[in-house]
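In what follows, subunit A forms one complex with subunit B and a second complex with subunit C.
Moving on, here comes the complex of A and B:
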């Protein structure tokens, strides 16, 4: 079975039916629909980071670079006043992002641990300054997208991207597929080797595996999916700007991933939901929500380090 | 570029590099001795600048303000180490990153609660407010030269402390083998408190002396933190000598890039870092 844990199956059976029905309850309130859509998109991004950090042990503080690149690549390659094909451009953007990740990975993965944290951060900052200084891409204001892509596939157009409800379902579908995709990778031979590398890289080398190659492939896959999330975000709001690549985006994603339960994949959705929920309600209570958020993160590291998924699993899984 | 302009840029670069060294040395010292990556190190720089502004407003004297700010930073460092950092020594880097991100959030919020979000400025102290004329139209502010000299002074004090004093000996011993130091009957946890507090104080002092040269704005800590990362990655994590060389390199490259290749100026130090990493993945002076 693809989803092998009880907690995981329970989560899927509760979350996805609820998420499917949600627009029925919120029909009049597009604000909440689009808020939830953003949460889905960010969950997808956090999930790709969760795979990288939690499953592969490759701690990066520069993942937001690919989130931003997803949007900027679209702006670079798509014609300004013409609707392009969504699926085709998804393919283009993921491939270009993967190529960039491959190049950067060659450099970044030569290092590990604390060095990798700082170098990924530095690369993300490099991209951040490149886009925020460039006149061509509108500097700090970013770029607007005038025409949204159409989604015909084999002559069948399923989604109208200008309709928030349609867009919501597209993001939900993407999220589910990404989750299933990561689970398939994790249960494949490739994923098993990756687990071994996470556990003990030296022994995996001794077993005759090219550890660097496996890391590089994982880094590339996660980065391409991070870019896909950024592409969706750009389409939802119709603009791209440098704050998408800022290090706080990477940091927040990391916090969400830990909050959800590092390495559990489905925890990424839980973490993002809870974090955004808290953020939203604190923001309404006080303008100094950052103080409480910070205190919460500190508390989480101190006493709640297995995250929500870890806690649920402790409650629900049979002890073996 | 004329010779005068070249010299001005050279001094600017060295002065910026030396200031970076002051901050980066604390970061690398704390990492080298305690194995802690403190992302909130930049926040300490910010706090230093805001404290400097606050006490200049209330006492009117920059000197008094600098001393009081440094002492507050030292106490703050002790408090943070005793309550939070202490629990992280045996945890992985990820937990350290998260905890210190949380600290950044808290410090940014405190800054906005205590001092608001408008840019603030500190006047250059009167004693140092004159300028040295270079040509008929160009002159160089004395304060910047004072900053450079002050940073060199601190660098020498650090070199002496680490290589010639008992505290320095303990720091070096703590770097190479924690258990052994404990076995010799030395209270390593007290040493860690001292080292962390010194690191915080160095960053805050850098913030204090930088205050008259820049506008004090929210987010100034994060900006300088990233530059310090580049410095320690280039120099080699944990090496004070590396931080010194790396800081000067970054200072010079950053300053000259903004004159020679303005389009690439804010990217240049990262390109430098990527280049050095290609040649030496562990930095120039890694142990």
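Moving on, here comes the complex of A and C:
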């Protein structure tokens, strides 16, 4: 079975039907719909980071680079006043991001631990300053997207991206597919080697695996999906700006991933939901919301040692 | 004695700065033999093993496997050529089951690593080979136990099973009996006795009784230098060996 943990199945059976029905309750209020859409998009991003950090042990503080690149690549390659095909451009953007990740990965993955954190951060900052200083890409203001892509596939147009509800469903579908994709990878023999590398790299080398190569593949996959999330975000709001690339985006995603339960994949959704939920509710209560937010997150990390997903699993899984 | 050495070193040196951890070691390892390597602490036994498996790169000298110089290839490529090793400190995947531990090893030979649509939980062939490896070391009853929860001796056995699962030609064993009780040691000795018929084994070990009992060839090393290589009896009677071990009296082993 693809979703092998009881907690995971339970979560999927609760979350996805609820998310499917959500727009029915919120139809009048597109604010919540778009808020939820953003949460889904960011969950997708956090999920790709969660795979890297929790599953492969590759701790990066530069993942937001790909999030931002997803948007900027779209701006670079798409014509300004013409609707392009969404699926085709998804393919383009993911491939280009993957190629960039491959190159950067070749350099970055030579290091590990704290050095890898620093060097990924350095690359992300390079991208950040490049885009925030470029005239071509609007500097700090970023770039506006005038025409959203159309989504015809074999003559069938399922989603109208200008319709928030349609866009919501597109993101939900993407999120589910991404989750299933990561689960398929983790279940495969490739995933077994990745687990082995995470648990004991030396032993895995001694068994004859080219550890670097495996890490590079994982890094590339996760980065391409991070770019996809950035692409969706760009389409939702109709603009890109350098703040998407900033290290705080990476940091936030990392916090969400840890909060949700590193390496659990579905925990990424939990972490993002809880973080954004806290953010939203505290923001309305007080001006100094960050203070309380920080305290709450520290508290949660202390109580849920393996994240929310880990805590739920402790409650729900049968003890062996 | 077979004529062609399966693994051989030529003037192998490893310096750590000014320290000569290993100085000009030329040895030959033959198939179907157990080659014991002994020596006082710091003699360079583990360094030798780490060089032989590609973990360290030699400062100078060559390693020849089946007639090809392999000292420049990557560590993982050593394992691909059939040079498997166990570590001095237990080195397994503690969170996985014993079967899973061996499956990682078997999988490399079986391929299919990049077929992401085949589940790793339904691989009959793979499981079978991995189970066989466990059976060889006598761990069949622990097949589905988490590796961290089995006893220390069993973990060492598991490590040997993992190496066996890669179907190596050469086994490099770094103190497989370290920290083991008497009975567990006996188990390993019996195991090695049966394994040495099929493989070329290089055994670094402190347990003298075990080494004397098992070795076909025995090398004594002192301070990174090669002292003597010969049969167990030759080594036992050699005056220099006695001096190295009992010698000046300023060190206690």
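Here is the rule we use: the second predicted complex is superposed on the first by the 316 of 320 C-alpha atoms of A that agree within 3 Å, B and C clash if a C-alpha of one lies under 4 Å from a C-alpha of the other, contacts with A are read in each partner's own complex, and residues count from 1 in each chain.
To be clear about the criterion, a contact is a pair of C-beta atoms (placed from the backbone, for glycine too) under 8 Å apart; a residue touches a chain by one contact, two chains touch by 3 or more.
Note that the structure is a prediction, hence the values are computed from the model and not measured.
In the superposed model, A:192 lies in contact with subunit C only, and not with subunit B. Of the two partner chains, subunit B is the only one that A:121 touches; subunit C does not reach it. In the superposition on chain A, contact of A:146 is made with neither subunit B nor subunit C. Once the two complexes are laid over each other on the shared chain, residue contacts for A:298 go to subunit B alone; subunit C is not touched. Look at A:113: by the touch rule set out above, it reaches subunit B but stays clear of subunit C. When the two complexes are superposed, the chain touching more residues of subunit A, out of subunit B and subunit C, is B.
By the touch criterion stated above, A:184 is placed in contact with subunit C alone, subunit B being left untouched.
Those residues of subunit A whose C-beta lies close enough to touch subunit C in the complex are 4, 184-185, 187-193, 195-196, 199-200, 202-211. The touching residues of subunit B, when paired with subunit A in their complex, are 31, 37, 84, 87-88, 93-95, 97-99, 101-110, 112-113, 222, 226, 229-230, 232-233, 237, 263, 265-267, 270-271, 273-274, 277-278, 281-283. Per the touch definition, subunit A reaches subunit B in the complex via residues 53, 59, 61, 107, 110-111, 113-115, 117-119, 121-123, 125-126, 129-130, 133, 247-248, 251, 254-255, 258, 262, 288-291, 293-298, 300-302, 305. Here subunit C touches subunit A in the complex through residues 53, 55, 74-80, 84-85, 87, 91-96, 100, 103-105, 107-108, 112-121, 123, 162, 166, going by the rule given at the top.
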